[in-house]
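The structures come next, written out as C-alpha cells.
In the two complexes that follow, subunit A is the common piece, with subunit B as its partner first and subunit C second.
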Partner chain A sequence: MQLVFTNSLRRHLIKLSIAATLVVALTSCKKPVAIDSEIVIGEVGSMTGSEATFGTSTHNGIELAVKQINAVGGVKGKKLRIVSLDDQGKPEEAATAVTKLITQDKVTAILGEVASSRSLAMAPIAQQYKIPMITPSSTNPKVTEQGDHIFRVCFIDPFQGTVMAKFALETLKLKKVAILRDVKNDYSVGLADYFTETFKKGGGEIVVDQSYSAGESDFKSQLTAIRGKAPEAIFVPGYYTEVGLIARQAKELQINAPLLGGDGWDSPKLKEIGQDAINGSYFSNHYSEEDKSPNVQDFISKYKEAFGVVPDGLAAMGYDAAKVLADAMTRAPSLASKDIRDAIAATKDYSGVTGKITIDAMRNAVKSAVVLKVDGGVFKYQTTINP
Partner chain B sequence: MGIGVEFVQHLINGFSLGAIYALIALGYTMVFGILQLINFAHGEVFMLGAFAGMYFSRFFNLGAHPSFWALIATLFFSMATCGVVGFIIEKFAYRPLRKSPRINVLITAVGVSLFLQFSGQLLFGSDPKFFPQIIEAGHGFSFGEIRVNTMQVVVMVISLVLMAILQTIIFKTRLGRAMRAVSFNHDNASLMGIPTDKVISYTFMLGSSLAGAAGVLFGLIYPKIEPLMGSLPGLKAFVAAVLGGVGNVAGAVVGAITLGLAEEFLVGYVTPTFKDALAFAILILILLFKPTGLFGIRRTEKV
Partner chain C sequence: MTTHPLTHPQSKTGLQSLWVWIAAVAVVWIFQFFFVGYVDPYYFSIVMYSGINATLAVSLNLVNGFTGQFSMGHAGFMSVGGYVSALTTSLVVAKYPGIMGVDAGGPGIEGAILLVGALFLGGLVASLAGFLVGLPSLRLKGDYLAIVTLGFGEIIRVIVLNLNVVGGARGMANIPALTNFGWVFSVCIFTVFTIWRIVNSAHGRRFLSVREDEIAAEAMGVNTTAVKVRAFVMGAFFAGVAGGLFAHYLRYLNPQTFDFNRSFEIVIMVVLGGMGSITGSVLAALLLTVLKEALRPLQEITRLDFRMVIYSLMLIILMLNKPNGLMGTREISDVYQSFREKLRVRFGANQGSDQKGAKK
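The block that comes next holds the complex of A and B.
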C-alpha cells in the first residue's frame, strides 16, 4: 500500500501530534516532592482484588501507627507521610508501584506487601535502589533473601508450616492429612512443603497432594479426588477467597474433615464467603484479638475507635511494621538509607502488638505463632506455639 | 470409597460444568451461524448476567428466603437484562459495520469485550462479589456414596430446559425459520422479504439471554463473581463451539459437555496445572485435524 498524503490525512496527523504533545505535557507535570519537614514512606498493598482486605487492613494498621507517631511529634522532629499505592493483587503492578514510589515520590523507606509473591516482585527493586523495605506479613523465606535492605516483622513459612503440622499431630492427634495447595502462590507452596516435611517426620501420612491456581472458583474435582482418600483433615494454605469457596464446596461434597491453614485465612471475608462450612477449621496466625496483654487491648480499642471494626492479624502486622520502622529511624544517627537499614537490623526485643520482635541475621523476626479456630463467626484462640 | 464412586462423582461435576459452558457456547454459535462473526464480547455478557442476577437477588433480599421461584425470577431478570445488552451491542457496535470487512467487526468485538470488562471494574469495583444463595443448598440426592447436590441438579435441569426452548424456537417458529434462512444466505433471505436486520437483532438477544442465564447458574455453583470472570469461560465456550462445529447448535452442546468432562477428569486424575490450557490444546488439535469441528459442515467459500 502506498501512503498518499491527502489533505485530510495531513489534518489528522496534525491533530494527532497536538494530542500527543498534550498528553506528554500533562503526564510530566511534577508531583510534589518531599519537603524538608516530613519523611515520606511508601506503602504498596492490595487495596482491591481478591485479597483486598489484606491491603486495606494493613493500610489501616499503618495509618493508625503513623497518626500516633505524628501526634507525639513524629521522628526526629519531622512528620511521617504515607504514600500508598494499590497493586490490585498483581505482582507486576506491585513492581511498578515500588519503582514509582522510589523514583518519583522519593520515599525514605517502603512498607509492604502482604503477599509473598508480590513482595518478591518488589524486593529486588528496593534492593537495587538501596531503599529499606519492611514487609509486614510476607512469610516466604525467599523474600528477605533478595538483599540486605529487605526485612520482615513476621515469622517465616518453615516455622508456620511446622506449627500447623505440630498442631495436627499433637493437639488434634491426626495421622492422615490431605493437602490442597495454590501452585501459583509462593507462600502456599512453601507452607505446604514445610507442613509435609514436619508432618511426615512426626509419623503422619500425606494421603494426597492436590493443587489449584489462585483465581479459580471450581475446586470440586480436586475435592472429589481428596474425598476418595478419606483424610482426617485437609491442609489448605491459600488465601481467604479461595479457602472460603473450598470450604463450601467441600461441605457440598459432604466432606466433614476440618480444614487447616495459615495466616492467609485471616480476613473478616473468610466467614462471609465460607459461611457455616468454614466452622470448625483451624489456622495459624500472628496474633489473637483475645490476647489480654494491655498493649494488645489498647491497640484493639484504638483501632476500633478509628475504623469501627476489630483489627485482624494483618492490621496488627501493618501497625507493628510501621512502628518498628519509626523506632529504627529514631535510633538511626541520620535518615540516610544506610543508617536506617542498620538501625532496623539492630532491632531487639521491640515489644509490638504481635509479640516481641527481634530481627535476626537473616533479617527475619523470631516470634511465636498462635493457632485460631473458626467458630460461629469468630476466631477463637487455641494455643501458642513457640519457635 | 470405591474408584467407581469417584468416577461417577467426577462425571456429575463435569456435566454441570459442561452445561454452563453449553449455554454460553450456544450464543457464540448462533451469532457465528448468522453473521460469521465471533462475538468476543459474549463472555462479558455472561459476566453482566451474573452481576444482574446478584444485584437483583440482593435488592429483593432473596438470599434470606431461598426458593425455586426466587431463582426463576432472578433468571428471568438476568436474561432480560442481557437480552437488552445484546441488542444494544449489536445495534451500536456491529450493525454500522455490516458492510465492512470481517476483520473490522472482529476487532470491534474485542474492543467491546474490553470496554465491558473495564466498565465493569469501574461500575462494580474490581474486588470479587459473592452471589447470594437463592435456592436451598440442601443435601441433594445420594445414591450410595455418590452425592449430587441440589445446585448441580438445578443447573443441569435449567440448562436442558433452556436448550429445549431454543431448539423449538429455531426449528418450529417463523423466527427460527427466518434465522436459518439468514444464516444460509443473508442476501437471498433479504431478497425473499425477510427483515434480516431484525432477525440478527433477535439472534443476538436470544444468545445474550442464554449467556445471562449461564451467569446466574455459574453464580449459584461458583459464588465468586468479578468483572473479569467472563473472559476465560467465554474463551472456553468459544472452544466448545468450535469443537462442536461453529454454527451448529447441537454441536455446541456436545462440544461444551465434552470440554466440561475433559477438564474435570484432567484435574481429578492427572494434574490441575493444565486445566485452563486443555481447552486451547483441544482448539489447536481441532483446527489442525478437523477444522469444521465434530458436526460442522464444510461450506465452500466463494472468493
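The block that comes next holds the complex of A and C.
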C-alpha cells in the first residue's frame, strides 16, 4: 500500500506540474513591457455580453480621447497606452480584470466601468492597491463611497431630480406638478424625492404623488387620480418602457400636461413606445448632440470621423473620463498614484463635453445637466442647468 | 475488467482512507498560512474562482450526473446561499466591527467562526429552497424538469431584485472579506469527499439506480421521489455554501450575476467533465475557469473581442471529440486502475500489491 500511494502521488504531482506549467505558459504569453516613455492606463468595459453597446461606446470615447492626447505629445512627455479588458457585463469578471490590470499590466490608473454593479465589484480592489479609478457613468452613490481613490465624472441620481425641479420652476414657470414614481426602483424614488424637495423650496406645489411598479402596463387609475388635480406637468422619473406607456394612456385620458423625467428616458425606444403622445415632454440628460458649444461640436465631428456614428451619452462620458484623468496627470507633480489621486480630487471647472466638471469632497462630479425636449422623433436641446 | 456504472470499481488508491482527505485539507491550510502572500493576486483570483466553480460543478453533478435529473437552476441555489450568508455576516459585522480586525491583521478566529456559521446557514436555507422546488417538480422528467428548475432560478433572481434589504437591483456591496484560500479549498475538498462517499455507498446506489432506470428502481423498492429530493437538497446545500464563499470573496453581489447564464455555465462544466464523474467536474471547472482568462492575451494582441467565440469553439470541439465528456463516468481512481492494469499486463505480475488489489 505504501508503494502504491507514493506512485500515485508522484503521478499526481507530475500531472499537476504539467497543468501548472501550461497555465503559466498560456497566461503569460504577453508580459507587460514596462517602457519608460509611456503611461499605461487600464480600462474595464462590457465589450461583449448583453450590455455590449454601452461598453463599446465608452471604449470608443476613451480611445478618441487618448488619440487626441497622444497627438499633442501625451502627458509629461509620455504617450498614453490603454489596456482594455472585457468583463462580459459580469461583476466577478470585472473584479478579475481589474486585478490583472493592476498586478500584471501595472497600470497607473483605471477607467471604468459603465454600470454601477461592475464598478462596485472593482472599486474595493482599486482602493486596496491605491490605484486611482474613474468611472465614466456609474451613478450609484455607493461606488465612490468605496474609498478615496474612486471618482466619477457623471452626476449622481439625486442631482437629476433637482435639475428637473429647477427647470420646471425657472424655465417652464410651473407651480402645480404631479409625481408618478416607480416605487420598486431606487433611482426613481431618489429622483422623485429630490424633485419634491427642490420644487417645494422654490414655491411650487406637488398636487398629487402617485406610484407604480416597473413591469406594470396599466396606469389608468393613477392617471385618473392625477387628472382630478389638474397639474401643469407630471414628473415621471422611470425607465423608457413604462414612460412610453404612461404617455399614451395619459393622452387617452385627455391629460395634456407635459411629462418630465430623467436620463432613464434616453433611448430610441421611448419614441417607439410613446409614439406621438410623448411629444412635448422634457427630460434631463448628460449631454446633447445639439449643444452648440465648440468643444461639443468638435467632439462630435471627430467621433463621427473616427467611428462613423453619432456619439451617444456614454461615449461622451468615456471621453470626458479619459480627459479628466489626463488633465489631472498633467497637473500632478509626479505620476505616483497619490499625486494623481490628489490631482483628480482637485479637478475644478474642467470643461468637458458633458459640461463643466468639478470633483467634490465625496469624489463625485458636480456638473451641469442638459434638458432635452422630445419633439417628433428627435431629442431637442433646451437648456443647460448648472448645479 | 469492465466499468459498468452500477458496479463502480472501488478505488484502491488510498482515497477511501479518511486520512488522505484530512491531509489534503492540512496541505491547503499550510499553503494558506505560509505561501498565499507570495502568489500573484491575479493568478490567485483565478485559483479561487476555480475552487468555487469546482464545488458548484461537483454539487450539480450529484443531481445531473449521478441521479440523472436535469436541473438548470443551480445559480438560484447559489444566490440563496450567497445572499443569506452575506446578509448574516454583514449584520453581525455591522454590530461588532471588531470582528474584521485591525486593517493590518485581518479577520481573526472570530471572523472564521462567523464565516463558517454564515456558510452553514446559507447552505441550509439553500437546501430548504432545494427541498421546496424539488418536492413538487421532481414528478417531472427530462426537459420538463429542466424548464421548471430554470424558472425557479429566475424566480429567485426576481425576488432578490425586489428585496430592499439586500440592495435589490443595485446589488449588495461592502460584504466583509472573509473568504480565503483555505476556506475555498477546504469546502471544495469536503464537497468532493462527501459526494464521493455518498455515491459509493448503498445510499448512492439508489441515486445511480434512478438514473439508470427509474421504473426498475421503483420495482426494486427504491423510493425514487425521496431519492431525487435528497439529491436536490444535498446539491443545493453545497451550491449555497459555494455561493457564500463567492459572496465573501468578491464582496459584492448583484442578482444579475445569478441569471440563467450562470446556471448554464455550471451545467456545461458537468457535461464537459462527464455526467457522473466527480473528477471530470473538477477538471472541467478548472479548465473552463482558466481557459477564459488564458484567452485574454489573445484579445489584447489581436484587439478583437473574439475571446468568447474561441471559448465556445473550444467547447464544441471538446464535445465533438469527447461526447461523454472528458471523463465519461470514470473517476481518477478508475483511470489509475486501468493504468495499473496495463502496467501489469506489460511487465507481468511483478507488482504484488496489484494482484492483491485485483482480487479484492
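In the analysis below, the second predicted complex is superposed on the first by the 215 of 387 C-alpha atoms of A that agree within 3 Å, B and C clash if a C-alpha of one lies under 4 Å from a C-alpha of the other, contacts with A are read in each partner's own complex, and residues count from 1 in each chain.
As a convention for this text, contacts are C-beta pairs under 8 Å (C-beta built on N, C-alpha and C of every residue); 3 or more make two chains touch, one makes a residue touch a chain.
The structure presented is a predicted model; accordingly, all values stated were derived computationally and were not measured.
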| item | value |
| --- | --- |
| Touched partner set for A:Q88, first subunit B, second subunit C, both or neither | both |
| Which of subunit B and subunit C A:D148 touches, first, second, both or neither | neither |
| Touching partner for A:T48 - first (subunit B), second (subunit C), both, neither | both |
| Which of subunit B and subunit C A:E170 touches, first, second, both or neither | neither |
| Subunit B versus subunit C as contact partner of A:T103, first or second or both or neither | second |
| Which of subunit B and subunit C A:A121 touches, first, second, both or neither | second |
| First, second, both or neither for A:S217, with subunit B first and subunit C second | first |
| Which superposed partner A:G228 touches (first subunit B, second subunit C, both, neither) | first |
| Per-residue touch tally on subunit A - higher for subunit B or for subunit C | C |
| First, second, both or neither for A:R248, with subunit B first and subunit C second | first |
| Overlap of subunit C and subunit B interfaces on subunit A (superposed complexes) | 48, 88 |
| Contact set on subunit A toward subunit C in their complex | 1, 3-5, 8, 11, 19, 23, 26-27, 29-30, 47-48, 83, 85-86, 88-93, 95-96, 99-100, 102-104, 116-117, 120-121, 124, 140, 142, 146, 184-186 |
| Interfacial residue positions of subunit C with respect to subunit A in the complex | 12-14, 40-43, 45-46, 49, 162, 168-171, 173-174, 177, 246, 250-252, 254, 256-257, 286, 290, 292-294, 296-301, 305, 307-308, 336, 353, 357 |
| Contacting residues of subunit B [partner subunit A, same complex] | 1, 3, 5-6, 9-10, 13-14, 17, 125-128, 130, 137, 139-140, 147, 149, 151, 221-224, 226, 263-265, 267-269, 271-273, 275-276 |
| Subunit A residues within the subunit B interface of the complex | 48-50, 52, 88, 183, 210-213, 216-218, 220-222, 224-225, 227-228, 230, 241, 245, 248, 252-254, 272-273 |
